[in-house]
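Across the two complexes that follow, subunit A remains constant while its partner is subunit B and subsequently subunit C.
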Partner chain A sequence: MSAENKSTEKVSFFARPAVQSILASLLCIVFGLLIGYIALLFINAKGATEAIITIIKNYFTYPTKAAALKYFGNTLVKAAPLLMCALSIQFCYQAGLFNIGAAGQYVAGAGASLFCALKLGLPWYVCLIAAFVAGGIFGIVVGILKAYLNVNEVISGIMLNWIGLYTVNMLLSGVKETASPYTVTLASTNKAAVLPSIGLEKFFSNNKYVTIAIPLAILIAVLLKVILSMTVFGYEIRATGIAKDAAKYSGMKEKRNIILTLFIGGALAGLGAAFLYLTGYEQWSVTQSSVPGMGFNGIAATFLGGLDPIGTIFASYFIQHITSGGSYLDKNIYPSQISDFISAIIIYLCGFVLFFKYFLNSRIRNKKNNAEGGNK
Partner chain B sequence: MVLLLQYTLLFASVLILVALGGCFSEHSGVINLGLEGIMVIGALGGALTLKYINPSLPKLLIVLAVLGTSILCGVIYSMLLAFACINFKADQTLVGTALNMLAAAAATVIVKSINIAENPDNVSSTVQYVTAKKALVVNIGKFQFNWFMLVALIALIASYIVLYKTRFGLRLMACGEHPQAADSVGINVYTMRWAGVLISGLLAGIGGIVYITAGVSEWKFENGVAGFGFLALAVMIFGQWKPVNIGLAALLFGFFRALSNVYSGFDFLAALNIPGSVYNMMPYIISLIVLALTSANSRAPKAEGIPYDKGSR
Partner chain C sequence: MAENSEYAIEMLGITKRFPGIIANDNVTIQLKKGEIHALLGENGAGKSTLMSVLFGLYQAEEGVIKKDGKEVVINNPNDANDLGIGMVHQHFKLVQCFSVLDNIILGDETVKHGFLQKDVARKKIIELSEKYGLKVDPDAKIEDITVGMQQRTEILKMLYRDNEILIFDEPTAVLTPAEIDELMQIMKNLAKEGKSILFISHKLAEIMAVADRCSVLRRGKYIGTVNISETNQEELSRMMIGRDVQLVATKEDKEPGKVILHVENMTVPSKLHHNNAVKNVSFDVREGEIVCIAGIDGNGQTELVYGLSGLENITTGKIELSGKDITHASIRERSTSGMSHIPEDRHKHGLVLDYSLAYNLVLQRYFEPEFSTGAGFLKKNEINKYAEKLIDQYDIRSSQGAVTSARSMSGGNQQKAIIAREIDKNPDLLIAVQPTRGLDVGAIEYIHKQLIAQRDSGHAVLLVSLELEEVMSISDRILVMYEGEIVGEFEPKKTTPEELGLYMAGAKRKEVGA
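And now, the complex of A and B:
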């Protein structure tokens, strides 16, 4: 942090919004891990310290550098879709919309991309577009219901999550392996649908799942940052989020903006699913009876990232890091869901961030007032 | 046909209980999106009681014990929401969502830990309660009466009386409509909102145990409660935040949910050869349509979702 060195003048260090956000997020992480550690102590006190270290270390538990790099790649492969879901939720949150439907838009994207890849045999870029559109359509439904019929976007989003799950299960049961509930592999059916790796796999001990999805996801995060902070459209989105009626009064088409925002949000989440399923890292199980957690973890990542696209890149990585770390726990002592538990605690704590900032700012103001008290 | 009626009443009971919970919370001014999570925790408490209780105890005692633990778990868990949203003015949507995720993760961790402690090779997240569950039902001919149906009916009547006929209920609703005005006549808005949220925890906690004992004798906690808490919110909106309407709306939704359990028993439905997934989707599709039709002129409490700040009158 370069800000640390030149902070002494004018604005005090803790008064900077960026510093406050980072501080708040770090506090959330520390407390989240602490509560996770306490839970581990309750389950089995003897190995708890080792267990929490395992979660934090994740792939560093591998002794050789090559193996560690390979599994670092795996964590990144799953962090890319998580980042996309987080960006989806964040983009909508800027417009005052809580896009919990990201989970369903993600499912729609998975269904569309896999259907195009496995059933229709289309190349990867077409599959990406299909995922983008499918996720976007799911978003539009929520948007239209919200803009014209005043339906709470959280409830309609949840309903669409389940509708999406059952629809995709039906859609993909035509391309599943005969002996298992999983869809057929990309490698055996349609190699052209696998995302190209453009040589990236060499940096990760030939981990073939490392593809252009990872740099693309980061690029999209940067692009969103630019759109939100430098374009008229981004300004309108934020204005709608802060004061809907004021935005309407000043001539912004708030209904169109709501629908457009949710379309983009949905498309991002849909694209995120394609970023995972088109690497061949995972197959879709057509009998799954719960919505994949990726969209919900995205909520953790986006709030931990301080609602900033760049911060979200790091937050997504962190959430995926501890989620992957959880899978290295000794399954016969500790449940791997302890990572989900920690993520959930972190989201809960993020609810207090606003109060934390308020508290910090009023402390700073009081201090300042006391110092200048004699002069004024 | 009897089976369809039985399941309809069971699922309607769940929806009535949870939707009434949401109704109390929202009338006090707090949007409780954590109902789903509260259901999971209530269900967990009830399921563990069923698992460990001595099945030879009097049936009434078993029913009361299960009811008691579910209520206790639901109320304690809902405190997390009240604490963050009322005292710390946190974003209610965010905290509600966090509670849902936390409940699913915590319940899975707890059940898995218990299973592992019993047998290191059992890493499932399933709780079984085959024998003790029998205490909850009474067979009347072919119809299996569940005591929780009665509980739901009592809750419905009690809610109507409390909300419209008591001082407490009217004060509670005032806090959801215009908290500043309520405060100005000496009602403590924070206390009222805490009461609203805790009552919603109580009702949703019972709803949770009813849901996981409806028709099955074991529950896999990894699955949570499949969006039922949100269906209940849809029921609440469809019922326009009024207990009687909520009861009717719950029957409608309960019917469609029950259909997905028993459709194969009807010859003409089975003959249509519609995939099971379609029936599974049905309650969610219906609720989307219903929401689309009823939300435009909704009677939502005016101040819901806005944290109350004494200073901003």
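And now, the complex of A and C:
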């Protein structure tokens, strides 16, 4: 009797959509790492095992706890902007929009925040607002084109990525170091523009790049979850995303919602850029000719996170974790892109999430039927 | 031996379960060769599920299927197709962005050296469509054509594959009376040629007219099979519902009150044909009357309603609701000014299918203070409480109550949910477009009662219907639409279906003043 109860409880546990999503994502990760390992074996079989362990260990490769914590901090510093880009893509995805323009909105945010910080000498909170607005404006352009002229948001988004990149390169060439293509360092030029750490650095062996950006990004993820599932706005956004005609029939302002969604999405990506560049962790290279990958990696993180803001927090961290881990590989033997490769595999496998759920559900059904048959 | 079997298809002891519901409980149906066998049952009785099992879309947990006396396994629609089973589904399975021709040949393409031989297919389709009078434009895209033409495409799809066993899942729901007669003739001819037909319907008159035998399902259970020549409509409806049903709606005479909806010289463009679908139409709907727009599908009724509800901008004219000019009002403003709209396509417009029933029940009201706070949060408790109230009051059946996904509900209960939502808004004007399409006798009776109750409580009702029987039995005034114009105004007591038919077909017209 008790065994029977246990089995029914177990079935209902695995039948939960949230549990299935998490299981599916974990499965994707395992297979992704496995395939990454196979790739490493092909490149150089001898060091492959060590290499994959290095990727997974990331900062744990450092022998001292202090050093490990410091580099854990660095991973978090880069995970925060990634999370913001992922949230940007996800929020738009809920409204049925694929915001590949997040990469360009991220660039716009980087340009606006650095310009305000380095050229205009403004404090950090103004720079954040500037990044928010700049990313948002990039989103609005895509939104207006989509809502009024039905221009596909993927096309206009990708085009804007490039417009954004070269505009920002031009804009920031006035504040670059004379000897290098990089913008002048933030801490030496305008200390007021560096994001405050509010004592967080102490937890990470005085890693000064650990700032309020990290808790803010997590807070925004939670906020988005609340907006999507509990508010009137979220109700409308999701209705527009899954049933455009029904949304129109009920009198929702479809065009306004599309534009507003892309504004918020753009603003999130823009803010993400400020979360990185206002820590001083990275400087912008005004000669770069490819759009930073952060926006694209965000696609990976959002799908791995099961299209849920909370899941995306963990997914963003994981992707950044293996990306950072990849940088510890011996560059003479393995390309550092192996981490990107593994992330890419994982994303491909995310396509199988649906298949996995279907498989799991049919197993659950069969089990149930067998049990019922047995009872008879 | 097998050839000696009297039956083309037998489904013996079929049981199919879904979470929380037994859709088919030990159901047995035997289809004789060359007969038209009707399958009758209320919505959610399990007719569609049973046919999906036969068609290989679902696998039954118990029971066997036999063809010509031999047991067969049908794992997918391809297996069914190989056995010569073809089906016209209740909800069309068409690729929206493909042409009619492409949809018909999809999965059965004639190919030469890897290239499609569309000319061969086109010839066959045109032949079939002429032979059976199934008018279609082979090159029109599905998303652009009317529901009626989509249905005809589905029927052609089946005829194109030369199937022997033909399943018609509610095929007449969207056809005009004349088209129904034609279809009945086609079905009889097909049966005469030796094809076996399973005809799923809840229209008793049609079953009486065309079928040889009829099997009845009720709540997933098999009730019995009767010979049509030995039964009558009353017995069939009793078998189906389990009680006596009032087949014709009754209502008291009532003097209409002041004008609620005033339409003046309204012209509405058509996206499909790039011309005006509704031309210079004027009419009034008053308090306490049901005005019915009758006409053959595709004569501008859809666009008329789009213009009234705001889904489409009108080019010229004026619309007033309770004396207020709403010509340029938004959809939301019209809704909050007292207009309710039961849309023609409940899946496309009426419901957010992936939302719960509760969320769908507040689709027109979620923004009101009753259901959301000033800060923009949804009051989930209030929404659920309200949903429970409507579910109870309007008898909306679903497997898990308020949290059921709308997609998983039966067609009749989806429609009940929409009706509950629109009527509970207490509208001055209720626009109902084919509210009984695809529903069974019990649900139709219920919906007619609701419409009449609206009228009796002094509200205005504008009903768009393709069913002459419905038009004649519940309307107070009938406006006939033909090619985008109102060509006649009638009182149901002073006209006949035959006379209406002449106007609907454009053979006669008279000037109508608003």
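Here is the rule we go by: the second predicted complex is superposed on the first by the 350 of 376 C-alpha atoms of A that agree within 3 Å, B and C clash if a C-alpha of one lies under 4 Å from a C-alpha of the other, contacts with A are read in each partner's own complex, and residues count from 1 in each chain.
Here is the rule we go by: a contact is a pair of C-beta atoms (placed from the backbone, for glycine too) under 8 Å apart; a residue touches a chain by one contact, two chains touch by 3 or more.
A quick note: this is a predicted structure, and the numbers were derived from the prediction, not measured.
On the superposed subunit A, the positions of subunit B and subunit C overlap enough to count as a clash. In the superposed model, A:Leu120 makes contact with neither subunit B nor subunit C. By the document's definition of touching, of the two partners only subunit C reaches A:Ala243; subunit B does not. By the touch criterion stated above, A:Asn169 is placed in contact with subunit B alone, subunit C being left untouched. In the overlay built on the shared chain, the residue A:Ala66 is in contact with neither subunit B nor subunit C.
Look at A:Leu26: by the touch rule set out above, it reaches neither subunit B nor subunit C.
Looking at the shared chain after the overlay, A:Asn332 reaches subunit B, while subunit C stays out of its contact range. In the superposition on chain A, A:Ile347 makes contact with subunit B only, while subunit C stays out of contact range.
In the superposition on chain A, contact of A:Ile38 is made with neither subunit B nor subunit C.
Partner contacting the larger number of subunit A residues, of subunit B and subunit C: B. Of 183-191, 237-245, 255-263 or 273-281, the subunit B stretch that intrudes into subunit C once chain A is superposed is 183-191 (criterion: clashing C-alpha atoms). Taken together, the two complexes place no residue of subunit A in contact with both subunit B and subunit C.
Residue ranges of subunit C in contact with subunit A, taken from their complex: 17, 61, 309-311, 330-335, 341, 343, 348-355, 359, 363-364, 366-367, 372, 376-378, 380.
Against subunit A, the residues of subunit B that register as touching in their complex are 33, 80, 84-85, 88-91, 93-95, 97-99, 101-102, 104-106, 108-109, 112-113, 116, 120-121, 123, 125, 222-224, 226-227, 230, 233-234, 237, 275, 277-278, 280-281, 284-285, 287-288, 291-293, 295-296, 298. Across the complex, subunit C is touched by residues 230-233, 235, 238-239, 242-243, 245-253, 369 of subunit A.
Across the complex, subunit A meets subunit B through its residues 39, 43, 98, 100, 145, 149-152, 154-156, 158-163, 166-167, 169-170, 289-290, 296, 299-300, 303, 331-335, 337-338, 340-341, 343-345, 347-348, 350-352, 354-355.
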